[in-house]
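The following pair of complexes shares a single chain, subunit A, combined with subunit B in the former and subunit C in the latter.
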Partner chain A sequence: MRYIRPQSMEDAVGLLAGAAGPAAILAGGSDLLVRMKGGFVEPELIVDIKAIAGLSDITETADGFRIGAAVPCAVLGENAALKKAWPGVVEAAKLIGSKQVQGRCTIVGNLCNASPAADSVPALVAAGAKAVVAGPGGKRTIAVESVPTGPGKTSLAKGEIIEAILLDKRPPHAGDAYQRFIPRTEMDIAVVSAGVNLTVGDNGVVKAARVAVGAAAPTVLLVEEAAQVLIGSKLDEATLERLAKICSGACRPIDDKRGTIEFRRKVAGVLAKRVAAIAYERAGGK
Partner chain B sequence: MAGVAVSTTINGDHVEYLCQPDETLLEVLRDRLGLTGAKEGCGTGDCGACSVIVDDRLVCSCLVLGAEAEGRQIETIEGMAHGDQLHPLQQKFLEHAALQCGICTPGFLIAAKDLLAKNPDPTEEEIRFGLAGNLCRCTGYDKIVRAVQDAANVMKGA
Partner chain C sequence: MNFDPRYSGRSFTSVGTRPIRPDGVDKVTGRARYGADFNMAGQLVGRILRSPHAHAIIRKIDTSKAEKLAGVKAVITAKDLPDLTDGDAAMYDILDNSMARTKALYDGHAVAAVAAIDARTARQALKLIEVDYEVLPHVTDVDEAMKHSAPLINDAIFTEGLEEKPVKPSNVTKRTQYGHGDVHQGFGEADFVVERSFKTEQTHQGYIEPHACVASVNPDGTADLWVCTQGHFVYRQHCAQLLGLEASKLRVTSSEIGGGFGGKTHVWAEPVALALSRKAGRPVKLVMTRDEVFRASGPTSATSIDVKIGAKKDGTITAAEATLRYSCGPYAGMWAEIGAMTAFACYKLENVKTVGYEVLVNRPKTAAYRAPSAPMAAFAVESAVDELAKEIGIDPVDFRIKNAAQEGTRASYGPVYGPIGIGPTLEAVKNHPHMKAPLGTNQGRGMACGFWFNFGGQTCTDLNIGMDGSVSLAVGTVDVGGSRASLSLVAAEELGIDYAHVKAIVADTSSLGYNDMTDGSRGTFSSSMATISAARNAIKILRERAAQMWDISVDDVAWEKGHAVAKGEKHGNLGKLSLKEIAAESGKTGGPIAGHSELVADGAGVSFATHICDIEVDPETGSTRVLRYTVVQDAGKAVHPTYVEGQYQGGAAQGIGWALNEEYIYGKDGRLQNPGFLDYRIPVCSDLPMIDTQILEIPNPNHPYGVRGVGETSIVPPLAAIANAVSNAVGVRMSHIPMSPPRILAALEAERERFSR
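So, the complex of A and B:
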């Protein structure tokens, strides 16, 4: 096995594209090292991307925020401007693992690990986040929901690296939120989860909405029908009931040791309601 | 056998070593450098027994490659006491009997040190959440929480 820490994105892409055997990207390593130890992956080459300029920074631009692929989740929680603009994304990222894991894990890693139960992904999908992908053919920017294609699988081609996540600049009266169900109080994997992102008009009516449900299908679900129900409403009880019903209906969950199909369906609706109410409040809707 | 040459700082001392690319920082600390304070509990980032601080961030050393330590500042349990002078957390763990078998203790002490450095006056809830990445199968955690609270009081007064 070889360990290489390139200084530029071009070198990193070249190394991955030219690798003869299995190659892995290392940022926080909180998934990769566990998978290596368990014998699930045996990379011939590890490309540590942390020395590449800009990948460890959160930058606020005229368009919003750019979060480098190597920024640990703990740093997201320490960024006051990001927390104020995207509290749902930050609260989701802060749920991953322990304090120790927070010091290493990244939202890009969480996205590319492609677990249906990833905590940050529903929040990013609800936020309409984009991923900047660098590869042998140049750079492209894609919606985060197009990255995971199934458990452990992504749409990224050989040699491609997600170098950053982009979050839009917030319009006035916007808010997002994320919650998951776990049987413990911390240090667990979502049984089911929901993220909601809303923009509210001066009159308290929802102008724009995105709703995502996690751990309820092979990939995180963007539930467009649920968003349509919220738009034009003031999140009255009847709207929230319809939201819950649609989210429960959109689920295609599995039965496993952490939850049954029936339980996941029901709780997806409950969480969507709770999270929508929090996002609405954060947007100044009440 | 050829390896990765690493130059780093551990507990303030400049250290150089050669390691294999797939060797973890925990393995380097224990097996190459003789710093056996950090323990391997699970080896998968679940138990916190291998906690160390790298560039002011609390991490599991089992989830860091030895090669990644290049140019970093690492703090381990071996750097916590100054000679015979115990760190207040160590002293309070003894006074409160906040350990039984002791395997988790170095990890708890490092995690608690990191917690108090960032939040010198934590609530009980903040302590319990802050130390949720450290598992102890003996104490039931209560004595550990009391020891950290007491140490925080001592350190605030210092």
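So, the complex of A and C:
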């Protein structure tokens, strides 16, 4: 097994594109190393991206935020501007594992591990985040929801690396929120989860919304119909009930060791209601 | 044994204080050596190949490819562990469990093993072993396994304990029955009868340290085993018997232990490591992965229990009955029997009957788990007791107080109780501020009682006094919870010296006589008895030496507060001789001074506890949060109160995990779905409130200091206390443990349906 820590994106892409056997990108390693230890993957080449210039920075641009692929989740929580603009994304990233895990793990790793239960992904999808992908054929920017295609699978081609996540600049009166259901208080994997991102007009009426549900289908669900219900409302009781019903209905969950189909359906709706209310309040709606 | 073990009612200087434990600094600095921290020159890495099938005939194992892999030094199968058990059925089961002989009986059952120069080579070698299985139908559920249509796990098993000898083999290995009086008549006298059925899922002890050992078999027939265990003497016996070694030539050293809770009272990988070392001619280190720990070691029974209790309007219980079915894994056990013995042990009953069924299933061999079998029985009984109190309209604490067993009560499992703590723990709970604290919405409070027998057993200690007057104490019971500190306190107390001058160690099997293992809450109970006896033997010698130094009769020398004192008027001017002064002269007065003791510690006092729990339930998700938890338990005498409290809290914490989330989840294929701490959910720190404790001290008449075992009882009440709390919070009786959020939400939804219809 070869471990290489390239200094530039070109070298990293070149190494991956030229690899003959199985190769893996190493960010925080909190998924990759666990999978290697369990014998599920045996890469011949490991490309550590943490030494690549610029990948460990969060930069605030005219368009919003650019979060480098090697930024650990703990650092997201220490960035006051990001926290203020995207509290839901940050709270999702800060739910991953524990303090120790957050010191290593990245939201890009979370996205590319392609677990349906990944915590930061519903929040990123609700936020309308984009991924900058570098590869042998150059760079492209894609919506985050197009990265995972099924459990453990992504749309990335051989040699492609996600360089950064982009989050839009916030309009006034916007807020997002994320919650997951776990039986314990921490160190657990979401049984089901929901993220909501809202923009509210001066009159308290929702102008724009995105609703995402996690761990309820092979990939995170962007529930358009749920967003439509919220838009034009002031999140009254009846709206929230409809939201819950639509989210429950959108789920295509399975029965497994973490929960039942019925449980996931029901709780997806409950969480959607709860996070919508939090996002609304964060957006300044009352 | 001229040692008087009776309770003397003495007052204490050292016992009852809270000094720092001798193993503490090493543990918090990472210096302590656990099972995997021992290494030998030239040691190999051992790894085990395990069955992926729940039930399969092993047609053939081809190890030739693995043997040819460079770096592989030994490959073994059951052939390398020939059957030397000589008709001893229990030992045969241990042998077969260590390495499957003809059939793989559960997912994770060992079928072969390798020793190689490194872990990578060992892993590769496992992949090269070809096993030809004939997969058989399997059964993992305890109720399913009892059905006539269930796949038979062992066709040589015919249910024991039936009136008529069965003609067909069965998965039920044994029926047992306990009780007295006439339950039929008793139920006839009842104004209220509650009858309920319950289920509990299988749990693992969840010790953080996996099984680990280093084995070294020498060409001359001697061997060494360094191992993480609760009982190195028992491991020695078992391994020696299975390997055909002479017990005295196998020296077993116990490491520090990162949790056992009953799971390390049993050998699994150790005979395999020894067999690998014997074949390879080199030491072999074998450390189980977490996956192996879950799939192949440990777990407790899954159960299915029916309870029926009847009472008069005034709250007097007239009859109590229970049928208990416990899974044993694929080998015979006595788990249901223990459940049947403990089920109603808290109560004074005229008419009681319990029946236990031991049931074979395709799951790992059931092992002891802290008060084994009692928590599930208590869950069923204490839930039904609460329901009955509700039906009668009497406070559940008062109801239990009215029916509590007392000194002189004939226990439901046979014996007549001496002085016991069930009544006092209930009274303490009744008066505890916790019972009066206000509750919010969606919150409920529950309480429940628990019982455990406790055990004494064979014990041997050595107490050696150095020439500087310091004392080393060698004990043979593995320290699982601070017993080295407690036993040092006992030695200090008896000798009349300071705790700081006593150092206790756990000696290896070649340095001390046989000791039973640390189970049955016996560590401090039995070894403190032996320590008191050893100290008294040493005091006898100290007095003799003082008499020599003074040149007076030993009959005139007494031992007081760490000093020899000359008694009688004629010796009035002799002053005192300290232990240190006598020790300093020992080279001239007859050589080293030591006290030895070997005894069977009879009379372990039974133990009772009552717990209170407050819980909040989220009615929309079924999520639970334990808000407050109080343990009240009788310790007899708390030698080191901090470690007694630690035992109370630890048992409660494990019980909370069991009650709410922990369970073995099997797929339809009979494979364990959650062999890891991510999906086998033991509580994390933030899941638990600070667990309050209250120690009661009702002296055990059969111990000089009144000590009772305290380690296990604390896990008995939690399942029931939490179930009662959940039931009081949401108004739905939960009859299936664990009460995981999906189960609670499903129960709540069913109840809502019922009301909306």
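Note that the second predicted complex is superposed on the first by the 286 of 286 C-alpha atoms of A that agree within 3 Å, B and C clash if a C-alpha of one lies under 4 Å from a C-alpha of the other, contacts with A are read in each partner's own complex, and residues count from 1 in each chain.
Convention: a residue touches a chain if its C-beta (ideal position, glycine included) is under 8 Å from a C-beta of that chain, and two chains touch if they have at least 3 such contacts.
Keep in mind that what you see is a predicted model, and the values were worked out from it rather than measured.
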item: Subunit B versus subunit C as contact partner of A:P183, first or second or both or neither; value: second
item: Which superposed partner A:G103 touches (first subunit B, second subunit C, both, neither); value: first
item: Subunit B versus subunit C as contact partner of A:A134, first or second or both or neither; value: neither
item: Subunit B versus subunit C as contact partner of A:K266, first or second or both or neither; value: second
item: Subunit C versus subunit B, contacts on subunit A by residue; value: B
item: Contacts of A:A74 with subunit B and subunit C, given as first, second, both or neither; value: first
item: First (subunit B), second (subunit C), both or neither touched by A:K257; value: second
item: Overlap of subunit C and subunit B interfaces on subunit A (superposed complexes); value: 38, 185-187
item: Subunit B to subunit A touching residues, read off their complex; value: 4, 20-22, 24, 43-46, 48, 51, 54, 57-60, 62-65, 67-68, 70, 111, 114-115, 129-134
item: Residues of subunit C touching subunit A in the complex; value: 123, 291, 620-623, 660-661, 665, 673-674, 678-679, 681, 683-684, 686-687, 740-742, 745-746, 749
item: Subunit A - residues contacting subunit C, complex; value: 38-39, 181, 183-189, 191, 256-260, 262-263, 266-267, 270
item: In the complex, subunit A residues that touch subunit B; value: 1-3, 5, 26, 28-30, 33-34, 36-38, 46, 48, 50, 72, 74, 97-101, 103-104, 185-187
